[in-house]
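Got some structures for you, see below.
Here chain A shows up in two complexes: once beside chain B, once beside chain C.
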Partner chain A sequence: MAITGSSSSAATSDAPARAADVVVGLATYNHARTAGAVVGHVRQSLEALPSVRWCIVAADGGSTDGTLERMREAAGGTDAFVEVPYTIHPADALDVPYHGLPGRARALRAILQEARTRQARACLVLDARADPPSANWPAAVDPLSAGELDYVSPVYCRHPATAGLVHGVVSPVFRALYGLRLSTPLAMEFGCSGRFLEAALGETVWDSEREQRTIDLWLSTMAAVGGFQVGEAHVGGRHGSERPDVNLATTVSQVVGALFSEMESRVQVWQRIRGSRPVRQLGERQTCEEPALDVGSLIESFKLGYAALQEVWAEVLPPMAILQWRRLATQPMDGFRVDEALWARTIYDFAMGHRLRVIARDHLLRSLTPLYLAWLASFIQQTRHTGVEEAEARIEQLALAFEAEKPYIISQWRWPERFRPVKLRR
Partner chain B sequence: MWDQIDDMLRRAALRTVENVAEFLPGLVGMLIILLTALVLALVARNLVLRALRGLRFDQRVQHLGFSAVADWSAAGPSVLVARATMWIILFAGVLIGLSALGAALPGAFARTIFAYLPGVAAALLILVAGVIFSRFLARSVLIGAVNQGFPFAVLLSGGVRWLVLLVAWAMAFEHLGLGRGILTLAFGILFGGIVLALALAVGLGSKELVGRSLERQVREPADRPDKLTHV
Partner chain C sequence: MRSRGHAGTPLWYKDAVIYQLHVKSFQDSDGSGTGDFRGLLQRMDYVADLGVTCLWLLPFFASPLRDDGYDVADYRSVHPEYGTLDDFQTFLAAAHDRGMRVIIELALNHTSDQHAWFQRARRAPPGSPQRDYYVWSDTDRKYADARIIFVDTEPSNWTWDDEAQAYYWHRFFSHQPDLNYDNPAVLREILAVVDYWLSMGVDGLRLDAVPYLVEREGTSCENLPETHAVIRAIRQHIDRHYANRMLLAEANQWPADVRAYFGDGDECHMAYHFPLMPRLFMAIHQEDRFPIAEVLARTPEIPEPCQWALFLRNHDELTLEMVTEEERDYMYLAYTADPEARLNLGIRRRLAPLLGNDRRRIELMTALLFSLPGTPIIYYGDEIGMGDNIELGDRHGVRTPMQWSADVNAGFSTADPDRLYSPVIADPVYSHQAVNVTAQQHDPAALLHWMRNMVGLRKLFHVFGRGSIEFLNPDNRKVVAHVRRYGDDQILCVANLSRFAQPVTLDLSAFSGATPIEMQGYTAFPDIGETPYVLTLGAYGYYWFELQRRDV
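So, the complex of A and B:
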């Protein structure tokens, strides 16, 4: 085992860093429950590739629960296990991200820097919290090492309803804006080529407060708009990436806020893009089970939100949208359907409200939660007992609706005076 | 005798002329001050109106929760503020003009008014800050309560808003020096009353409901939509 990194308090190896073809990075912070198993799994997978020189890099933010000890144990004393510390600032600890890894951007920078030092041709960043660990990542190694692909995003085997915020908001908006059909632009795992990591390390986002929460979205966006070859790897099953103790409104606020902020900073790019293109698929698509989900509580949450938050929604939504949401609030459970175009326009209206700061941004984003729950309830209703393929077809329809409504957001963005929510019409 | 009468009349005329000569510069000064104030007031009104329209003041006022201001003036809050600015300058001009006349009573009145102005400004500032803060806090509570599934979110939010507004008004009156003792007493009674009423309502009326709710929180903390994963 070697410990490197400029800010390490542990002994530093004097030997020059051994070159590696593939670097697998894990960012950890008190993940003792799962990190050991992930390292063990990664080690086994890499040992099955005898012609590849590999290295596992663990970036730890100062875990106190024995995370590092578990990982060292699982690494089995191999000198291909490297620890690189990263700094968690006091501000990171105060503003807990939905994924529970404060200072994630700095952790990823430490991993990518180590990969660059070791002249890696491919770098995989895996999720140390994954239970079970993601399999099938080796499928991404060859295309990345050969330079055929620059960035590989994971496709998890799971029902779209179990990652509703990704499939209902992030992915379709990402696709419509940047023209790339990525299933999980917000995934906490990715693979990249030496070319990509070199370009990413040249950027200045790594210490930004916002990116500590949502650096993964920034990386996906960079891959999409930076002229890189992008692919997707089917890596197996996965549960949600958010911490159970972070409430949904906070997750919505952080995730959608990052999406909208990215939208603002790349306005010159997405306004020129029309349509979308598929990405190369790696590995075998796997079948997953349909989860049993109850929509009653979701609809109740929406109705409660409708009764209380109309005044807030009136700050961003036009009268027709308010009317359509009102109709939904009076619908019985069986007929509860959120139209795709309505949902797409609602998200775009919130993006405009976010841009124009019509109210405090955090208020605006949190007030989206009941509407999101309504969309999720509608989606679950529509895809109940229809199988995962039908659910994915619905998600495709939704993505097309976001693409079809893109001229709406472009028009409003260029001419903000066309943004006429209910409040401004009074 | 005629000489005496003539002398008296001459002296009276001289005094009158002297008085008029003494009064006239003050009058002219007052007229100049009034005229300047009028010009300044009109210029200030137009400048303020243009600046506020440029800043979309009417829309911002709505967003910040001063929608009632719009009701006071059919032409909108921008016009209202511009007119208020004009009248304040005119009023100040009249007070300064009266002082220029050298009249004792108007002068003292002007001094009193000017001494009172900092208190009024502070009170206005407190009120504006109170309204903004109450609006922000009420919205935070409303959205937070809705997302937590609290059924009385609107009531709670309204209560928070009025509470903050009440505190702001009380502080503003304190700065103006109006009804200090009465206000403190009324405020204490009101707050005490609210807390006592809530304590009684929860303690007597909703004891079992609160107990059940707490029990549910302890035993089934994840029985919410949040149980789903979303990312």
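So, the complex of A and C:
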């Protein structure tokens, strides 16, 4: 039986909805620690825009830790704080995704519908887990309201190595497939125009089981390929969104799985796109610190993974790739380098394995984790003490490698029986 | 139960790849020896995996089965051997869940003589509305200009009925009396049948034997204006009540005559291109593109929402009605070493035996079919190269059980082999031990994988279903070359009809500056310049190229 999330409304929904120029939506689930601060910060930011009518819309997934109470307190009794209900299925709560929000697609739909009802010209969906809250989003309001942009994705001030999965897999694959240079296509935050939300609400994805996990990627993909004007806003730092109860293999499986599933459903689109284009940048780019990561343990994890998983990899990787990874498993730390083309082809080969279901998809995707750690170790080695600009240059080089290898995945996709995995014997 | 579906574009049929199957032949779920809907349900993942987007089911209604179900005894029920209405609805929902549409048969020209309407009519007084559901006469000399279609079995289009003390009209078997569309009650009955199935969720109706609905003295009784009026009435009814449904006309006629079945876009959405099919076989046998180019040159333009249905083989004989006598003789000489293979004016063989089981020729013909303007139809079993059995009589030899595995009864049924509705193919080349789905699924080089890849590739490009066609005319007539265009897409298709390698020089100057990308391997060929473009094709080789412009 389906239940509904937050249904009591601070501003009762019986009254006709007051029009708002800007709607800020928050999808929450047991985020009491941060949600109040986020609402307070948003309210403060919006109040600084005196000529703008605004509204904060909360879609809560049935929090039990006082999340709603914290948000109401922070809203300070304003009738511009509205709670909207959405349907949560029992399965949503049983299988909470890596992002921690059960039924996230339905929550976002509820927010976008409220924005449409209020005739919003711009809608920002922010992450209630951010600590401190993402700043600088107001920079997106004007271009969205004016119709100059339809979709704004965030750029966080962080070293690429601290978001390796995004920079090493999601972003370059997204760019190669859909031709748009977005730093964070799978962010939990975005801004959109009235035109975009109208188009998005007209689609039928919102109740699909898959999209409860991957709706953010679906939205950014729609923005990229649907003829919309897309921009990026430099919104500041990014902290506090990691879920300590979700291990890396699960995150890899769910994030990369989302990427591959979207790839499968958009095949007619991405196979026809060549090259990539930059997007308009909003706000000031900020500098950030290089993280302290233990490369040795990353490489050790890869080597352990190699010993345990090489037979699984042989189900999806061609022999030459297996040999290259084998050579890496014997490399000392100093010479440890993962070639960009090898990494790009490896991701594409996993995408093919995922498509053909050569083994259970979750098992396959989890087995990518040690390879990802190897790439991350290599990336850190190459960019250590070089500064964030050099790290970003490396990321750009990687993205170009994914674009250069795109014909490889197209040919594999079109004629998959050329794909000849070999099984290794230990 | 109402099935889901019907979302998406109204022109879905233009981008479709249709898979034609007979429920009785696909999978038996209960050991009866006859396939059924529950069996078909078990095989839905197979057809979905093949990549087809639409299933066309041969008749599955209550019937004495003297014409394999085209002799319908009750339009609203499922033949008990195939299951129940619930089973059909479960199947329909399963197809829609997998993104596939479903087309069923509407045999509207005639019924079985066992249909309640006919039994009532023959006992009703002459001139009564009940009697007038069918076409009666005191003489068998009316409509003498109408040809006999089943020349091998029927001496006349009239048969005497003792009960009625009159002759009744039938364009096909004598046990299939033609309905009388001059009686408005008949059209009302048929529209009620249409409502029955479309309201259940069926996506399309194949209008069987549609040119013969109405008779007029002094005419061939084919393609009459009154017949088109009936079709328009059906179409208007559907458009008024349902979204995204499709009517497919079975009109075995010359293209100019078939054109009329599209009307002004207000009759059928689709119609078969019957004359193209034998000419594809002629062209590959003659190693000359002329028959293909000639018949397509004679094919008129059709309204924008309309579409040709293209096929290499189907459940009937390879019909040679729409060729000249000389062409028919050529086809008989070329393709029927065994006179038993001839039936009526056609050849009752499947694709693989017709092409000598030559993998390269099967691929070439399929690639050609997929590259021409229209929606392709794959006949069940042809994706694995199934054979036939001409000893089985009528057209039963191409309707044998689907060969799923090397197990007993080809994995089709657990029944005693003697109880199968038809024996499985047993000859050494095409037997189920040699040709079956399971083996091909495990063989990366099998025809099944090639077919799946080609279906997938075609679906990537709407240009194949929607684009224009323009033939290039290279000096070497063993090579067919044409360009398809739709929006920004430009696809060059080149095929060698010869069993030997062939060079070809193409004038591609209109595409100067473009890079031909071979579409299967996504391999870039040398850029096109102002000078003639030279290609070499291996025996029965073919290429599909995307002509990519640098500025796009």
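FYI, the second predicted complex is superposed on the first by the 406 of 426 C-alpha atoms of A that agree within 3 Å, B and C clash if a C-alpha of one lies under 4 Å from a C-alpha of the other, contacts with A are read in each partner's own complex, and residues count from 1 in each chain.
We adopt the following convention: contacts are C-beta pairs under 8 Å (C-beta built on N, C-alpha and C of every residue); 3 or more make two chains touch, one makes a residue touch a chain.
Just so we're clear, the structure is a prediction, and the values are computed from it rather than from any experiment.
Annotation: superposed three-chain arrangement on chain A; chain B versus chain C shows a clash. More residues of chain A lie in touch with B than with the remaining chain of the pair chain B and chain C. Of the two partner chains, chain C is the only one touched by A:204; chain B is not. In the superposed model, A:407 lies in contact with chain C only, and not with chain B.
By the touch criterion defined above, A:415 reaches chain C but does not reach chain B. In the superposition on chain A, contact is made by A:248 with chain B only, not with chain C. Of the two partner chains placed by superposition, only chain B is touched by A:162; chain C is not. By the document's definition of touching, neither partner reaches A:234: not chain B, not chain C. Contacts of A:274 after superposition: chain C is touched, whereas chain B is not reached. By the document's definition of touching, of the two partners only chain B reaches A:305; chain C does not. Once both structures are laid onto chain A, the chain C stretch out of 271-279, 433-441 or 451-459 that overlaps chain B is 433-441.
Put simply, chain A uses no single residue to touch chain B in one complex and chain C in the other. Chain contact summary for the complex, chain B toward chain A: residues 59, 62-63, 136, 139-140, 142-149, 151, 153-154, 157, 222, 224-226, 228-231.
Within the complex formed with chain B, the residues of chain A that make contact are 98-99, 161-166, 186, 239-242, 244, 247-249, 251-252, 255, 293, 297-298, 300-301, 304-305, 307-309, 312, 315, 358-360, 363, 366-367, 369-370, 373, 376, 423-424, 426.
Note for the complex: chain C touches chain A at residues 7, 444-445, 449-450, 453, 456-457, 459-460, 519-523, 548, 552.
Interface residues of chain A, counted against chain C in their complex, comprise 204, 267-268, 271-272, 274, 407, 410-411, 414-418, 420.
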